[in-house]
Amino acid sequence: MVNNLNIEVSPVTRVEGHGDLVINVKDKKIEKLIFRIPESPRFFEAMLVGRKYDEPSHITSRICGICSVAHTFASIKATERAMGIKPTEQTINLRKLIYHHENIQSNVLHVYFLAAPDFFGTGSVISLAETHPEVVDIALRTKKMANDMVRIIGGRAVHPIRTVVGGFTKLPSEQEMLEMRKMLEGSYTDLEKSLEILKTINIPDFERETEYISISNPYEYALYDGNIKSTDGWEIDSQDYLDKISEEVVRHSTAKHCRANRDSYMVGALARFNNNYDKLTDNAKKYAEELGLKAPCYNTFMNNIAQFVEVVHSVDDSIRLIDKILEDGLNEEEAMVDIKPCAGRGVGVVEAPRGLLIHDYTYNEDGRVDKANLIIPTNMNYANIENDMKALVPEIIEKSEDEIRLACEMLIRAYDPCISCSTHMLNVKLVNK
Amino acid sequence: MLYKVMGRDVFKDFVKSLISNYEFIGPKRKDKAVHDFVPIKDISELDINYKRTTIPPAKKILFPPDEKLVAYEVNEKIKVRPVVESSEKVLFGINAWDINGMNFLDRFFVTDFVDENYLERRKKLIVIGMDSEPTETNFSPSMDSEYAKDGFDLYITELKDRYFIRINTARGDEILKKYSVTENALVKDFKDYNNYMDNYRKKFKLDVNIKDFYDNFELIYDDDEFWEKVAKNCYSCGSCNLACPTCFCFNVKDDIELNLKDGNKTREWDSCMLPEYGLVAGGHNFRPDKENRLKQRYRCKLKTFLDKFGRYACVGCGRCIEVCLAKINIADNINSIKKEVSV
Amino acid sequence: MTLNVKYNNKSNKSSIYVPELARINKIQQISPTEKLFDIVFEDDKNQNNFNFEPGQFVELTVFGLGEAPFSICSNPENKDFFQLCIRDIGNVSGALHRMKEGSKIGIRGPYGNGYFPYEKMRNHNIILIAGGLGLAPLMSLVKYILHHREDYKEVMIIYGAVNPENILFKDDIQYFSSRNDISICVTVDNPDAEWTGEVGVCTKLIPRVDFPVEDTCAVVCGPPVMYKFVIIELEKKNYSSEKVFLSLERRMECGVGKCNHCHIGDKLVCVDGPVFSLWQIKNLKEAI
Amino acid sequence: MSKPKVGIFGITGCGGCQLEILNLEDQLLDLVNAVEIVHFTEAITEHSDNYEIALVEGSITTEHDVERIKKIGDIAKIIVAVGSCAVSGGLNCLKNLYGVERAKELVYGDKKDWIDSIEVKPIDEYIRVDYYARGCPPNRLEIVDIIRSLIIGRKPEIPNYPVCVECKRNGNTCVYDIGITCLGPVTRAGCNSRCPSSATGCEGCRGLIDDPNINAQKDLLAENGLTVEDIINQFNLYNACKKVEAKESSK
């Protein structure tokens, strides 16, 4: 047992990017707890200024390689909204389809490659490949399927090419769609096996009720489009995000911190699950139940389970979308709509795998960006991560330093903080004073 | 050569039966600019009225852009085996100049050493030719290539109400007998065919004065100013070669999988317009400038094979003109060499 | 216009690209950058059937890494093994230099219809002019000639190396010097303190040769820059362009006239060469 | 042959390059058998300072980055810059165009002085780089090829020809034929002509070939209706740190 503790983990690994956690405990009381993002700031908001309307989606895609599709779509939607461009139904269906697969890809990566080594007590997916080869096999197959889908529809797995303002530069072929459908159906065996494996892991028992924010719409488990909704009971049109969400620059971090109703909130798979549980497919609900995940859930560690449930949902819904697209027939003429660049402001809101993502652009008459504001999910979670940590550390203060360090790291990883994406990184520091 | 005629309705059924009985490759619209020769599963995909195709169909099938030649296993013992893959295919709707391009490749790949990878595919390729609309850059009549007298099994010419068919092989004759009903061509049919060809030849607008090129080229060869002007905008991108139905240069690479066991030799299209083409170990480059390379290309196309095979390595399809973003135009340049020498 | 098409597919295998397995029997470091490799086919049948002419080359595969052409430098009448002299300069050559005796490689060939016409050269004086690694292909001819010494008149080797340590085949050169039926003159660009021989480029030595023009053949091989100057000197002497033979180097990817990289005019260095007469070369723009 | 020790590092980038390595699904297990990965920020907890080969993602944008890259440079025997950011500074360089101070102010307002940020540079401005895996993101097969080449002891083969070559091998319609502009004729291939294969123009993420005909490319873009500003913007998207200058026209 330790009375005085100085934990510093730098950098916290297996998160995409870098971040530091510093905890000072004196007489079992937290003196200082900072989750620091020394990730190099990248100034995307500045880079966008002056760029032509067809460029921001390519530029902002580079904010984060892991959720490049999400950035691409938030960007495209903001531009389309600003200029009154209405993509065709075919485009929207294809966008939703590719979107599911980034979500699967990212969730699988997170659950299996980044979080699973904690649950199985191995240091990395490489050692996991030796101790639990079957787990890694499943992960690689599922991830490959999702990446292949993004490749087929988007042209490549990271930073898609074909999705642009107004639609798609090139459509997948009917043949490719049918192959995708086959791959999806084939993935159920792996999902079943995953379920059995996940049932065996021990998820830490830690609850802290907080505000959960995600997008939501009446028709589906919202990922691509919807209002901004909170478990605190409010719901606003996405264009009015500034009414509720504020950003603040904090001294110890290059990532801005966000607030809504309370002094922190959570976004991500668990927030989506809590807000939109009833829109999950029956199959996904069944998986959730078997894994003991019920809405509302206040255990941050269950975020990983929510991610897995979403994978199941995305597989189901992709099959539905493919059938719909094929039924309507792939039509070259509907691939793109005409674009007339004009002045205007538009807000594009989507659910990135890590949660709510907002792009807000103002264009001038020449169709060039005058002003841009980007709010990134990881930024939104920082304050909440600190608050969670402040609650968790006293609960486990009786444990050894190593155990405390591991628990903190696991908690951070449960958030799947994509740090590079904070346009604006992770390290846990624990040193005895 | 045997000559037959086929009715319009019979033709459609004939094509349908070919599609259902063979691996069938034919022209399909790719986008607003070009057609592409692809496997066809249904007659509705087939579009015979094509004008532009980026990659020559026969070259793509017989000499693919990258191809495994040898496979080996590197263990205690090394096992080496040739990879020669081929399957029977119907190539439908290929035009005369592209057939002539293929005839050139046929000759090339069996001369000196026989390239089995090419030859096996060629033997199994059933070629059914049809005329297509020439592009503005096409000068195949100047190169004697707008008409094919060899290299195909069947050549179908669309007359007003029927099809005139030239049968060049026993295989062609059997296919025709098996999948359709035809009649012997009579005087009237020949008359109509001749008429058709007269009109067809009129569609080619570009005329190239190739006759004196053989000697004139040598005179102009050392005129650096001329070649600098011609090659000024050249990107050294090789598009002209890669899109050419008669270009055959390739690189051979050895590779091994990450398991460090399975290896192979593959070949991949190369181009004499790329700077590395003449580069040898130690850093000497036998053709360091784009001017050298362009000269080499013209010599290869228009002289080398006249010496070797008595024919040009150019069928005048105009593809190299269309694909060249630097607007380097072989037809114009042949003519301007003549002009340069004549004034 | 004459048609000159040869259908002489020597290979009776299913593919001209498949190498036969061979073994490196012996490796000697003969200069700081060159090693001499003794090579034997794994299959005795292949070894017995391996007949080559002086000037021909083989395509050598280092499995998984690459293939490159190398001239055979041993006596064509030695049937037990053949030799390659290889400079460490790139991927394949570098890998060979790291290999140990007993390693397996792949061999295709011999290739090149244009070899040194040793029959035509009978009853002639022979001048062999080599620069640097250019000595390697000539060694095979020299060894043949020495084996049939009575068929030839005077034989002289002019060999230029960059510096004394880079002189190749030192043992052979020593042996040649000990014989009185062959003369050899070695020159270096950068002499060291011990060097007592000639200094400067090999072209310098050509004027000193005084063989009668009508029954003399010259043979040349060296780096690309050398040819032009050697030809000037030979032409000054009025040698018939049909009696001067040059071995050329070009990039080769296949060795069998398909990849076309070694094209010069209507000739392919791999099939029609690598040895050409000066007359052929004069008719090939850009050959030199 | 003992397994070479490999470290995979992220400096300032989007993590996409590291993800492309994880995206090697089919070859990932062969890869971890062929080399020993001792450091991989994005995927493993263990981290060691004992590595021979360093794959580095990201550009140098802060003083902290400078320290990190110098340390990697001191340890690794072979350094491979992975992705546009590491190779040429990449998209991050757009910040330089804007001005570091102005950019800080725009994003962080009056708190701008809290932020450590310097002019963006590619890693070879600070350390020696042996090989470049270009592209944004790089072609994962090319990364494998570089690693495999290093294991078997050959020089990795990175094309020095333009994207047009791959376009032709892939049988693409040239995008100029459908009214789209493209930097393919001057951009180094190796991406398997990804963008044109998706019917969009090449944006030049792999940088220029050794001897690009920039004059011809400028003429071509202008002919297709681009203004000088557009042309500069096109060239600058991934290459703002490495200035493109046209050679004197030979006319």
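Going by the order they are written in, the chains are A, B, C and D; count residues from 1 in each one.
Assume a contact is a pair of C-beta atoms (placed from the backbone, for glycine too) under 8 Å apart; a residue touches a chain by one contact, two chains touch by 3 or more.
The shown structure was predicted, so the numbers you read here are calculated from the model rather than taken from an experiment.
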Average the C-alpha coordinates of each chain, average all protein C-alpha coordinates together, and give the chain whose average is closest to the overall one.
D
Rounded to a whole Å, what is the gap between the Cα centroids of subunit A and subunit D?
25
CA centre of subunit B versus CA centre of subunit C: separation in Å?
38
Roughly how far is subunit A from subunit B, centre to centre by C-alpha average, rounded to an integer in Å?
51
Between subunit A and subunit C, what distance separates the C-alpha centroids? Give it in angstrom.
65
Where in subunit D do residues touch two or more other chains at once?
152, 199
Find every residue in subunit C that makes contact with two or more other chains and list them.
64-66, 90
Multi-partner residues in subunit B (2 or more other chains touched) are 253, 255-256, 260
What chain pairs are in touch here?
A-D, B-C, B-D, C-D
Residues of subunit D defined as touching subunit C within the complex
152-155
Using the touch definition up top, name the residues of subunit D that touch subunit B in the complex.
27, 30-31, 33-34, 144, 147-148, 151-152, 157, 160-162, 164-165, 167-174, 176-178, 184-186, 199, 210-213, 215-217, 219-220, 250-251
Within their complex, state which residues of subunit B touch subunit D.
30-34, 36, 54-55, 60, 65-66, 228, 232-239, 242-243, 253, 255-260, 268-269, 271, 274-276, 323, 325-326
Subunit B residues touching subunit C - in the complex, by the definition given at the top
69-70, 72, 74, 78, 80-84, 107-117, 218, 221, 248-256, 260, 263, 265, 267, 270, 272, 277-282, 284, 286-287, 292, 296, 299-300, 303-310
Listed in rising order, subunit D residues that touch subunit A in their complex are 10-20, 22-23, 25-26, 28-29, 32, 37, 40-47, 61-62, 64-65, 90-92, 94-95, 98, 102-104, 106-109, 111, 114-117, 136-137, 194-195, 197-200, 203, 230, 233, 237
